[in-house]
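The following pair of complexes shares a single chain, chain A, combined with chain B in the former and chain C in the latter.
So, the complex of A and B:
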């Protein structure tokens, strides 16, 4: 019975590793300049965690195979150095693994998230609120008007709380329910939550960042492939969370200018 | 010819009741609601996150915070008797209905009498969550997945209640819970009529969701029709 159990562990461990090794469920093609770093990091993590997982399962199976079915008089062996040595060895091993992932992950995370965008990046503000995203472009003056949360008026589509009557900078701001960006141009995304925590996730862009109420979070990225992609909220934000999405259109420079003109005319 | 006193009494009662019946259909107040100035531009609504709704509108619908008609007509103004008519303790038996269709509330303004049945219908193939932001009445919100039967609610106190959908931020309506059924909503030409008013002194109030309210005192004698008008000041922002 114990030998059957040991074999079952081996079979389950190998069966769960097969789809990962065979790349059965692959991420959609990356469309960003930084995405390959994320993919490499994911792949390194999967290899490291996968090898550890398989090793642990195989060792477990060997021990079950070897030491089961022993008589009641069999002597119990102890780990050299006792339990203390075992715990320290495990901490060092796991600690080194996590530290290594963190060190190698710096290039995929800190170098992308913690560096300022270039001066020519196109600023776009995204506001997340239950349960929709809205996007604001600065208009021809290249300046965003200030926000007045008390003026937020959804019936009138004033989702950001703009005051065009008094703020000249707000008059040419363009607010849209979909996000369009020019291809191969760096985007500086200024993230703002209206109510609770949300998240901005575009699989193809390899961008997933939480909105935190009260914090101005920003990130920057460059999309390299024209197309239509889905932006979804991946932070459970309430009743309508399942329906909180918008579309990202990566357009050629000319198409983007046309889109911006069309949106400006609808303000 | 000798008339029996009994007959005379019956005739008198009949005559009086005829007058009494004539009373409610007698006086009326009608008129027009207009605006002066420049009203805020109504913006097209982007429903791309709910494709099933977007597909129902050949051209995008616009916001409805200020709906106007030809000749400076102001539409969706609730005109009602705010004083002078008795409160109706028994609400009308007929329910009022609000329909969610194409991610829009139809009608945009829903007047009703205190305790009158309000029927909420979801005509869309997606969920809605109707949320009247009541301050005097109890606030509630109810989810209505597609295909679920209509449900009924009522409000026990007079109040103007903004209504939103918790799933679709652009959806907006107003409930006007009134003390009596002497009300009208100004139509496409800004016109309204309050019929069936017995003689008396009335205060007529006109309420608009963006421009607030105005009142006028009107005295009705006999079967006359009084004409009044309301003019609201429109602002571009």
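So, the complex of A and C:
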């Protein structure tokens, strides 16, 4: 029984590692300028965590195999070095691992969150509400009109609560249900929640950020590959949470200009 | 702190009536069994809910027979609606975290065994102890009542994020009365835990018998003591947070609802609240709660492993310090749940570092366990199998913590099944294995009968292999970006992952069914099991010095005196390779701490 248990632990440990080594289920290819840092951090962590996982399980299995059911006459003995050696080993090995992950991980985080967007970044406002995203572009005046929550009226397609009659800045704002961005152009995403908490997650962009009702947050990124990607909500927001999604179109600059003109004409 | 003399004051008279003996009992042992029974019922409820969720996730449109009886609107014809999925999910998480993982390893085993392990007749405040159980019981009834009133339970998840938790029924089904009942239930639960913690702390500090210094407490007693200290501070924060949400619902306050929010084109009448405030309050409780669930398991498993290894751990002292370190650090890491919440990004770095550091005491604990096996005479039985399984699960769930401790990686893994796999393994399954191990080990002392060993091993094998089949694939799903809390996978990129969900569903149904073997074993053994001797495992701590089951005052009017450290194994004494704590026999210690 004990030996079979030891073997089972080893088989499970190796079987658990196989899909990771074989890349059976992986994140899609990165399409952002900052994503490679996250991917590298992920790979390094996977190696360190994987080695720790396999080593711990295999040593556990070996000791179970070797020291179980030895009978009443067997003598017990203590691991040479006792606890002190293990504590020192843990402090040194895990401490070094912790420092390495902690220090190197800062760079990836800083790239997204601790650096301001450049002055030339394209501002886009995204509003999340149960259960849809809407996107607003500032138009030729490059300024967003103010929001009037009391004017929000979905049947009349006033998703943001704009008042173009009285607000000059709102008149050229372009509102869309899909997000289009030019490739290789930095985007400054201004995130506004209409009702409850939501989140903005695009796997390929290596971007995930919650919307905070009452607190507008912002994010900046640059997409490097033309294509169509899914934007999904990852913050439980109510019964339609699973169905809250939109598409992100990364377009060439010419295509983006055309798309923006078309959307402006539809306002 | 002092050690009690042998003249212990009797706290209460022996019970005479049925009601005093079995229902409103002041006896810590009966209260411990009541907690265990409550946790068992709660676990079965939580498991059935998870079955229904898993069936829905595997085969979205399949009718689940009988589900329509629970909710006609939530499951018309037995087919689960998206909102009902979220309601069941919320109830599953709440029931499991609060009423199983907190209740069984801490309140149930701790109540029964902590006073006996310190040599006391009872806890110092038996009436408060009785109240703590009945308040917890009431909390469970209030929570379950939400299935049957209004428009059902809340759908906001066990974390109940604001402002969804405070906007009322405008937020969706169950967000009105359902949330209020949830908050009332959890507030009551907090009161119960606070009362319990007071008793646990004072029992440990004030009721130890002569010779029982703090360092002579068994590791299980240390774990319950450390957990009660955590409970006292963590539940004291969640309690007022729940009250504030209730006020947002019934008194027109706006603690958690910001200004200018619009639902269904209607401006909400709130202003000035902070949605992130709830997350801070909740996770200040929530992360210590992870350790409230797992530290008792660490203590229980250590205790049981030592007994079955027939030698002490390499260092009892280091294990105690590490459990203490986990407890202290658990308050400093809570922000890792909020890396992408919108809080100041510099805070994320500040929370990330202690989160990584907490792996050091956790690693030391695993190393002490593993390398203590070296040179042991490991006895294999149901209790030790589950204890060893606990280590394996703790490692598997623990290493995934490396990923989630780093804010940059959390950008990809936050709110995915990776997180679900991580916490199910490290605080769910591992803690459950601790409960199972404790049950097989202490059942004879609690009931006077042995559990069936063959059924115990069947239960172990199905549970051990089954839980890996369920929760390892969760990690793969998370890496691929599978978002949690989705009732159906409509996204293009999630379609290829549906077969993995079906595999998990089948594994969950089989593993869940294996738990029925345990329940059968528990009930059958309680009435028809082989009579248990006083010390079937040749163990050393004080609970094994008294009769099986112990008399109402634990030691039959006598008061033990402690002569030894808790785990004197690998010695030569008149009874075998061990000497009991209460035995005056002098033996030479063979395993000195280095």
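Following the convention adopted for this analysis, the second predicted complex is superposed on the first by the 238 of 267 C-alpha atoms of A that agree within 3 Å, B and C clash if a C-alpha of one lies under 4 Å from a C-alpha of the other, contacts with A are read in each partner's own complex, and residues count from 1 in each chain.
Please note the rule applied: a residue touches a chain if its C-beta (ideal position, glycine included) is under 8 Å from a C-beta of that chain, and two chains touch if they have at least 3 such contacts.
Computed from a predicted structure; not experimentally measured.
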item	value
Joint occupancy of chain A by chain B and chain C, clash or fit	fit
First (chain B), second (chain C), both or neither touched by A:101	second
First, second, both or neither for A:119, with chain B first and chain C second	neither
C-alpha centroid angle, chain C to chain B via chain A, nearest 10°	90
Chain B versus chain C as contact partner of A:28, first or second or both or neither	second
Greater residue coverage of chain A in the superposed arrangement, chain B or chain C	C
Contacts of A:38 with chain B and chain C, given as first, second, both or neither	second
Which of chain B and chain C A:245 touches, first, second, both or neither	both
Partner chain in contact with A:177 - chain B first, chain C second, else both or neither	first
Touching partner for A:254 - first (chain B), second (chain C), both, neither	neither
Contacts of A:18 with chain B and chain C, given as first, second, both or neither	neither
Smallest distance from any CA atom of chain C to any CA atom of chain B, in Å, after fitting	7
Those residues of chain A which chain B touches in one complex and chain C touches in the other	129-130, 154-155, 238-240, 243, 245
Residues of chain C touching chain A in the complex	81-83, 86, 155-157, 161-164, 167, 171-173, 175, 257-263, 265, 267-268, 273-276, 309-311, 313-315, 318, 340-342, 345-346, 348-349, 352-353, 356-357, 359-360, 363-364, 366-368, 370-380, 385, 388, 391-392, 395-396, 399-400, 402-403, 405-409, 411-412, 414-416, 457, 464-465, 468, 472, 476-477, 479-481, 483-493, 497, 500, 569-570, 577, 590-591, 593-594
Touch list for chain B against partner chain A, complex	40, 43-50, 63-65, 126-127, 129, 143, 162, 164, 166-170, 172, 209-210, 236-237
Chain A residues touching chain B - in the complex, by the definition given at the top	129-132, 154-157, 159, 163-165, 176-178, 238-240, 243-247, 266-267
Residue ranges of chain A in contact with chain C within the complex	1-2, 5, 8-9, 12, 16, 19-20, 24-28, 37-38, 41-42, 45-46, 48-50, 52-53, 56-57, 59-60, 63-64, 67-72, 74, 76-79, 81-84, 86-87, 89-91, 94-95, 97-98, 101-102, 105-106, 108-109, 112-114, 129-130, 147, 149-150, 152-155, 161, 193-197, 199, 201, 203, 206-215, 217, 230, 232, 234-243, 245
